[in-house]
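Below: a set of structures, written as structure tokens.
One chain, chain A, appears in both complexes that follow, with chain B as partner in the first and chain C in the second.
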Partner chain A sequence: MIMTRTEHNVRKKMLQLLVFSSLLLLLLLLLSFILSDENLRLSSAGKNLPPSLEHLFGTDWLGRDMFTRTLKGLRLSLAVGAFASIMSVIVATVMGICAATFGKVVDNTVSWVIDLFIGMPHLVFMILISFIAGGGIKGIVLGVSLTHWMSLARVVRSEVLQIKHSEYIQISQSYGKSPWFIARKHILPFVLPQIMIGFLLMFPHVILHEAALTFLGFGLSPQTPAIGIILSEAMSHISTGKWWLVFFPGVLLVVVIKSFDNIGEQLRILMEPSSSNK
Partner chain B sequence: MVKKILIRLLRVATLLIGLSILTFSLIHISPMYPINTYVGGDSSTSPEQIEKLREYWGLNKSPVEQYFSWAGALLQGNFGVSKLYRTPVMDIIKSRAMMSFALMGTAWILSGFFGYLLGALSALHRGKTLDKIIKWYSFTLVSTPIFWLGLILLIVFSVQLQWFPVGLAAPAGVLDSEVQFSDRLHHFVLPALTLSILGVASIALHTREKMIDILNSEYVIFAKARGENKWQIFKNHGFRNSILPAISLQFAYFGELFGGSVLAEQVFSYPGLGSTLTTAGLKGDLPLLMGIILVSSLFVFTGNFIADILNTVVDPRIKGEV
Partner chain C sequence: MALVGNNLGFYYQKDRWIFKNISLAVAPGEVLGLSGYSGCGKTTLARVLAGYVSSREGRVSLDGGTWGKGKFRPVQLIYQHPEKAIDPKWRMGEVLTEAYKPEPDILEAFEIREEWLKRWPIELSGGELQRFCIVRALHPQTKYIIADEMTTMLDAITQAKIWHSLLNICQSRKLGLIVVSHEKSLLGRVCDRMYEVGHG
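Now for the complex of A and B:
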């Protein structure tokens, strides 16, 4: 196929965007390790400073550097998000493959369960799960992982249904291979790209919801510098005009989420180019 | 058609029963079990008192019996008594529900209208600057936490410009009966605006995609060949084919809407169902928590059900399969 100049440029631009987003995230992650905890020490001299070159995001009412706090908080959110996303992806894969391979009864049951889980408002369900898990980081991780698998499970199910009756699987069956062997050797490799992209696209949602949960006060203790906690603490200080406590942490959160979204979206388009003209 | 709807209704009924069982068993296995949260750190409670409490709550029966007595009470509209407010849960929900539904209803209509408009505009100007702006705006909104957006609006409009009050549904220190409608409206604007701004994104992106598909179809090319202008094409083909899917999407959006209102109500300390849910969860008020969870789920099921029906009506191809 002859590639026209514009098509070429679009691809190049996508790759650039991909590299840029990844580098940005990497930089933030590195910074969160480099910045020392010294900056979080309480200091009476440096209280409530507006943003300056020395304190990029200003300081809070205890004199802690907000830039350091925000980056460390984001790192925690990313760690929780990554773990919860992996758990969700595993649940989604198992549910999706089971629904597609083990017959009509299992399929109906799984789709019923999916409808059941979709029926409760997302956030409400997370509140319920983190509440019954007794709060803490365990509650957050459980709450988030158990509520994000549904749409990916549907995708996996339809992917598997597509190839279930293909020739190479029928041949494999006629050679007497077990369903377990077929699931592992034929089906899993086929759905793996979908799962990876599903993971990347799920990640931003998971971080958003984790931030929302901690913002409401479910889970982590106020000492932990999670992004939601930073924002909910800052909430009580906005009436005195300390806008930077809210503004910068939130902007950075949006940037991080958007970067992940970019990466997932660009990879998806690179893998299935037919959808790129949407 | 009627049969299909009945089958769907039956499915919704089984889902609701499943949901009540799920909620009940989740609470049952949790360490936050009623007695613990009720007694809390009060170590002076004697074992006899705890035993009495267990009897009072009916905890000495088997879980299945407990479920049935609980579900039976639910069906009669008895959601139990809130531990926090010492009043029946049903009364609390009734008094808060109107506040929340006013908020969500306004946001639902506004975001639906503007979302559809932006999406359609974007598709009609595909590739132009307007399209790029709308696309960028929607994609950024999808990545924005609603509570942060609320805080920013609060900073700009309440703290800096002082146009709107900082929180609550009415001025502090004024009796409920004396609150003017204008006061209520004044306190209502920012939370409603927050919810509406965010809701625009998904409907705009969806409408844009749908509209682009329509504009690329052969009948639109033929319409262009007949000399219809942009407005006629939109009016005769684009609008008719995209409005019902958009409405059905908006009904399926009920769950996100409720979640958003939980966060928005928290930011603006707006006394609706959402902020009550948060308080109930944080303070361990189980009857109230379960009551609001069930009511909000009923709300979402209704939305999904309507969306389902609309989809069936719109697309005859779906009618074949259930």
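Now for the complex of A and C:
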């Protein structure tokens, strides 16, 4: 009796956390559309103002409202994040399923490529790729999606290997069902939860790396309002006592990333069969 | 007209034969029992006969020929563990109609209730799942059925009911049936002929 009640509460708490994180992200996204570009006008009157009710995050050395800049920057970062996550999930799924179904040679090749990519230092590799691709959004998306697919590909490969020889798939084959039917009806439903969660957990990685790449100067150009640009510009002003330029955008970035991480984690736990009937 | 295994032999590791020189045949309407101690290769032999794996030696022929690839296999194998033979992500209705749509009288013969079709596999017991597996195997094109320890994990009453229904259908459709079991008493009751695996 007591057992079931605590379990019930745990589940409820997880759901609340999930809803809270999603609502927070939605609110930030909405705000970034509502806030007008007017606030980004240069104004000599309102330069370097500390945080106040009028300018929640203060203003920068050109008089632009930092709250507006931060939210619009985050929106771009989220869009890049979504795109790069989808790309790397696609790469991972294709690689994983190919490795598991097309025999030993393909499997060995894919596994070798996975080991090769994992063995390389993440950030250095990403800088290299985005540099070759010419920087910008293209460089970041390519850099991130080509360096983040490996772990998910491994998961997909092992999942497919696990059920490829299961009895119900062999029976389906004995009915004369095509490989396409089996892939679509038996294998895909089995790996879909892993793919969805892999996608969500990839998100924070992508945003952080986009910020990191831009901060280091290999990512977006300075006029795009991305979170990495804001942070790297603000760094040069921190020594003059304008702490709000780096503090608020940094905190908001951490909050957004933690929210995504939260959603992914809670969904993973909620969708696990052993806990799904509590 | 028969399912014939001629001089069959099989190994997983080279030259470590699980069985060798096995020849057997089952005619339509006949019930053949396969018995033997655990680990003597009964299940492997069943899989070879059903075409899931090909034998290393000898060949299996069906009514004088073989079966085509990518088509429905007229020799259907019923496994020991129904929970492994059913996709856990499918509802029972989909499981039942994956290969064909069974007539209501077959469902009735195996006491499959209408309300089960909407459930998930984990919501049914092993015995209930096994009935679905048997009905699935009774496709109109099925000519031979191999039952590999089909009712080993069921209680005596359910076992008796299931065998009664299956034997009736096999009689009326003239299906050949191979019963794999280590229970001599069961084999003695249902089989016309016996074959002992792993004896010479």
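Throughout what follows, the second predicted complex is superposed on the first by the 263 of 278 C-alpha atoms of A that agree within 3 Å, B and C clash if a C-alpha of one lies under 4 Å from a C-alpha of the other, contacts with A are read in each partner's own complex, and residues count from 1 in each chain.
Everything below uses one rule, namely that contacts are C-beta pairs under 8 Å (C-beta built on N, C-alpha and C of every residue); 3 or more make two chains touch, one makes a residue touch a chain.
Everything numeric here is computed off the predicted structure, so don't read it as measured data.
J.: Considering only the touch criterion stated at the top, classify A:14 as touching first (chain B), second (chain C), both, or neither.
T.: neither
J.: Which holds for A:24: it touches chain B only (first), chain C only (second), both, or neither?
T.: neither
J.: Tell me which of chain B and chain C touches more residues of chain A.
T.: Counted on chain A, the partner with more touching residues turns out to be B.
J.: Applying the document's definition of touch, where does A:35 land relative to chain B and chain C: first, second, both, or neither?
T.: So A:35 meets neither chain B nor chain C here.
J.: Please indicate which partner A:172 is in contact with in the superposed arrangement: first for chain B, second for chain C, both, or neither.
T.: It touches chain C, and chain B stays clear.
J.: Quick check for you: in the superposed arrangement, does A:86 touch first (chain B), second (chain C), both or neither?
T.: Touch status of A:86: no partner.
J.: Please indicate which partner A:231 is in contact with in the superposed arrangement: first for chain B, second for chain C, both, or neither.
T.: first
J.: Of the residues on chain A, which ones does chain B touch that chain C also touches?
T.: none
J.: Help me check something: in the complex, which residues belonging to chain A touch chain B?
T.: Residues of chain A touching chain B: 112, 115-116, 118-124, 127-129, 131-134, 204, 208, 211-212, 215-218, 231, 234-235, 238-239, 241, 243, 246-247, 250, 253-254, 257-258, 261, 278.
J.: List the residues on chain C that touch chain A in their complex, please.
T.: 50-52, 70-73, 76-77, 79, 81, 84-87, 89-90, 98-99, 136, 139
J.: Which residues of chain A touch chain C in the complex?
T.: 166-168, 170-172, 174-178, 185-186, 189-190
J.: Touching residues of chain B toward chain A in the complex: what are they?
T.: 11, 14-16, 18-19, 22-23, 26-27, 29-32, 139-140, 142-148, 151-152, 154-155, 159-160, 166, 209, 212, 254-256, 258-260, 262-263, 266-267, 277-278, 281-282, 284, 289, 292-293, 296-297, 299-301, 304
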